[in-house]
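Shared chain: chain A. Partners: chain B in the first complex, chain C in the second.
Up next is the complex of A and B:
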């Protein structure tokens, strides 16, 4: 993995050594199915127990947060990635390594034109909604995948990055795309020493 | 499937979050498992003809379903041939992360409720109503008792 890269450029194409997955692609798909089915059943159960969409959304976010603070250890152990040196490296890591590892998809990353701390993950494919065609009746404010926001937020907090994570667009709500917005809350300090690779 | 870190994390979090409200929580957790059991059973038996009797359905549960979800078969299946079945798994995947021995025994119900629902839901999809209870003699082994309701 020793391709010479120009560290001065804002290089968004990163060579990641993905962890070797011994299971075949189909076994991997099966492995996710239980999670997807369970997630759907959980959302259905929460809709039964809570009348207001905001309550379900909050509950999912909180659960996601609790999962994220633990899952990050699993991620770091299995991916052996180097420490990220910028917000954009961090977001790229989430999109290209973490999402790929756990959900088998790679959202595309973009950043805001106006705020340098704000990034977007566009989910073209989202396994969580594989079995979901539309939101349940009377649940138009439900953020079906809100667990994901909590997971990202919790994981980031464990690596000392505070961020707000929400769905800024949602296909299930009628938008054209599904997009997660990550807004980092503190300015990352400039590292004075740049190490040559 | 249940060995995936994402599922493990979700299951553990559901056990904690839903059961923070005790009685109601176990029921909710079982409800989640029930829906999953129905769905999984549906997907796994799409190609196969329906089972000829309840023993066949239980065998499917102990073999195909258990292997798909828990990576191994049920170790022991017993029945009194009058509608009651006992399924024993000596290395229950969802408990093996917790402890070996007597530690956390009182927490065990939280970690079995989902699976009880799963079994109930799977059987329901196959046309059998049942009640399912579980106990942990010693970690990480678990026993599931299934009583088929006669309609």
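Up next is the complex of A and C:
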């Protein structure tokens, strides 16, 4: 948004009298437990419906993608973020603003040493796995939170940034930390408009 | 100096008959009429000698500054809202204004206006009088709406009005409203102009057209980072349109996008979106010219 300076003041001065369902970013009222339980039920049902882990992962990713393409507009409408000028700014935005707004956690961002288009989000606290102890037997390669990957991928695509998002490390699979890897596919060219989140 | 009503023209030019010497078919806009017709000024300057035309010009300039109660104060209006998707297609359109230049009058045979079919509409070609201007379309006959050249109950308008047995008839004239096809076309045209606007810029990374200003309305456009454009046409004095555009974006993200049965880039047919948008427009209108924002 090209003129963010006015926006904060406007929101204070005009009382839009709209129902509370359309409230500002800080008040996305929802019971967190309900969300986590719903997500758990979703994954459990997908596991029942599909034998292979890859299928479950694929469908979780697809669902996440469908959510992400819509969620990004909500994110942009509610947070007065400016255009990001680089990939690292974009990933910072995702980690510090978007994750905070929707999940209440702030993952830490790190960049890969080898490729400049690859970034990692390290989640110490993942609310989605609050009630999960371990993956069921026979489901070793299930990415429980693959929905998140789909969300990020969908959101980035809507702002014209193609990226591959996967879980690099997962605590549920036995690793130390949970890490999401974001790899931007196209090199950032000097396009006139619409290149950032 | 002549006053606004121009009554003292006689005193100034010494030729009181100048007023009646004007061509009759050129209507003078009355106070209370928001539309300003600039053509008569040019025509009148060609009439008579230099001194007279100079004074006549000045008189008519003053007459053209309307002191309409509608435009000073209460009636800050937002005229319409358009939402354009990434490909340039119109996905939502709302007309919010009450048209101010509609007139219904009863006529008896023969009709002293000349009507003709133009662009699939029946418009006044000649015989401008009172507040019925050239270019106004027939909107309804005897209360029955007119669609193009037929009335809602299937009668052909020109034929009906040519038949003396149908008189006296009550016809409503007004500025023809845009049909939905025309709106679609204009929206995609605006989408292209928006892109051209950003390319014409001497600076790199410029935004597209953000505001288009005319004497009767201002068009404000806001393009989101995802490529959707929200366009609002409002009264030039209406303030707070910037925040209104952000609000419409929020309403779109809430009631259109979160509706699971709404597909992206398709026309928006969500009741809640309509309702909340109208509420937001009313709030913005009440904020008036002293509201924050542009």
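By definition in this document, the second predicted complex is superposed on the first by the 159 of 197 C-alpha atoms of A that agree within 3 Å, B and C clash if a C-alpha of one lies under 4 Å from a C-alpha of the other, contacts with A are read in each partner's own complex, and residues count from 1 in each chain.
Definition applied: a residue touches a chain if its C-beta (ideal position, glycine included) is under 8 Å from a C-beta of that chain, and two chains touch if they have at least 3 such contacts.
What you see is a predicted model; the values in this text were computed from it and never measured.
J.: More residues of chain A in touch with chain C or with chain B?
T.: Between chain B and chain C, C touches the greater number of residues in chain A.
J.: In the superposed arrangement, which partner chain does A:158 touch: chain B (first), chain C (second), both, or neither?
T.: In the superposition, A:158 touches chain C alone.
J.: Report for A:42: first if it touches chain B alone, second if chain C alone, otherwise both or neither.
T.: Touch status of A:42: first partner only.
J.: So in the superposed three-chain picture, is A:74 touching just chain B, just chain C, both, or none of them (first/second/both/neither)?
T.: both
J.: One more residue to check, A:132. First (chain B), second (chain C), both or neither?
T.: neither
J.: Please report the chain A residues shared by its interface with chain B and its interface with chain C.
T.: Looking at chain A, the two contact sets intersect at 70, 74.
J.: Taking the complex as given, what residues does chain A use to touch chain B?
T.: Contact set of chain A toward chain B: 30-35, 37-42, 44-45, 48-49, 59, 62-63, 66-67, 70-71, 74, 102-103, 131.
J.: Which part of chain C faces chain A closely enough to touch in the complex?
T.: Going by the criterion above, the answer is residues 198-199, 204-208, 210, 222, 224-228, 240, 242-243, 246-247, 249-255, 257-258, 264, 276, 279-280, 283-284, 287, 291-294.
J.: Show which residues of chain B lie in contact with chain A when the two form their complex.
T.: 1-7, 9-11, 13-14, 16-18, 28, 31-36, 39-40, 43, 68-69, 114
J.: List the residues on chain A that touch chain C in their complex, please.
T.: It is residues 1-3, 6-7, 9-11, 13-19, 21-22, 69-70, 72-74, 76-78, 83, 158-160, 190, 192-194, 196-197 of chain A that touch chain C.
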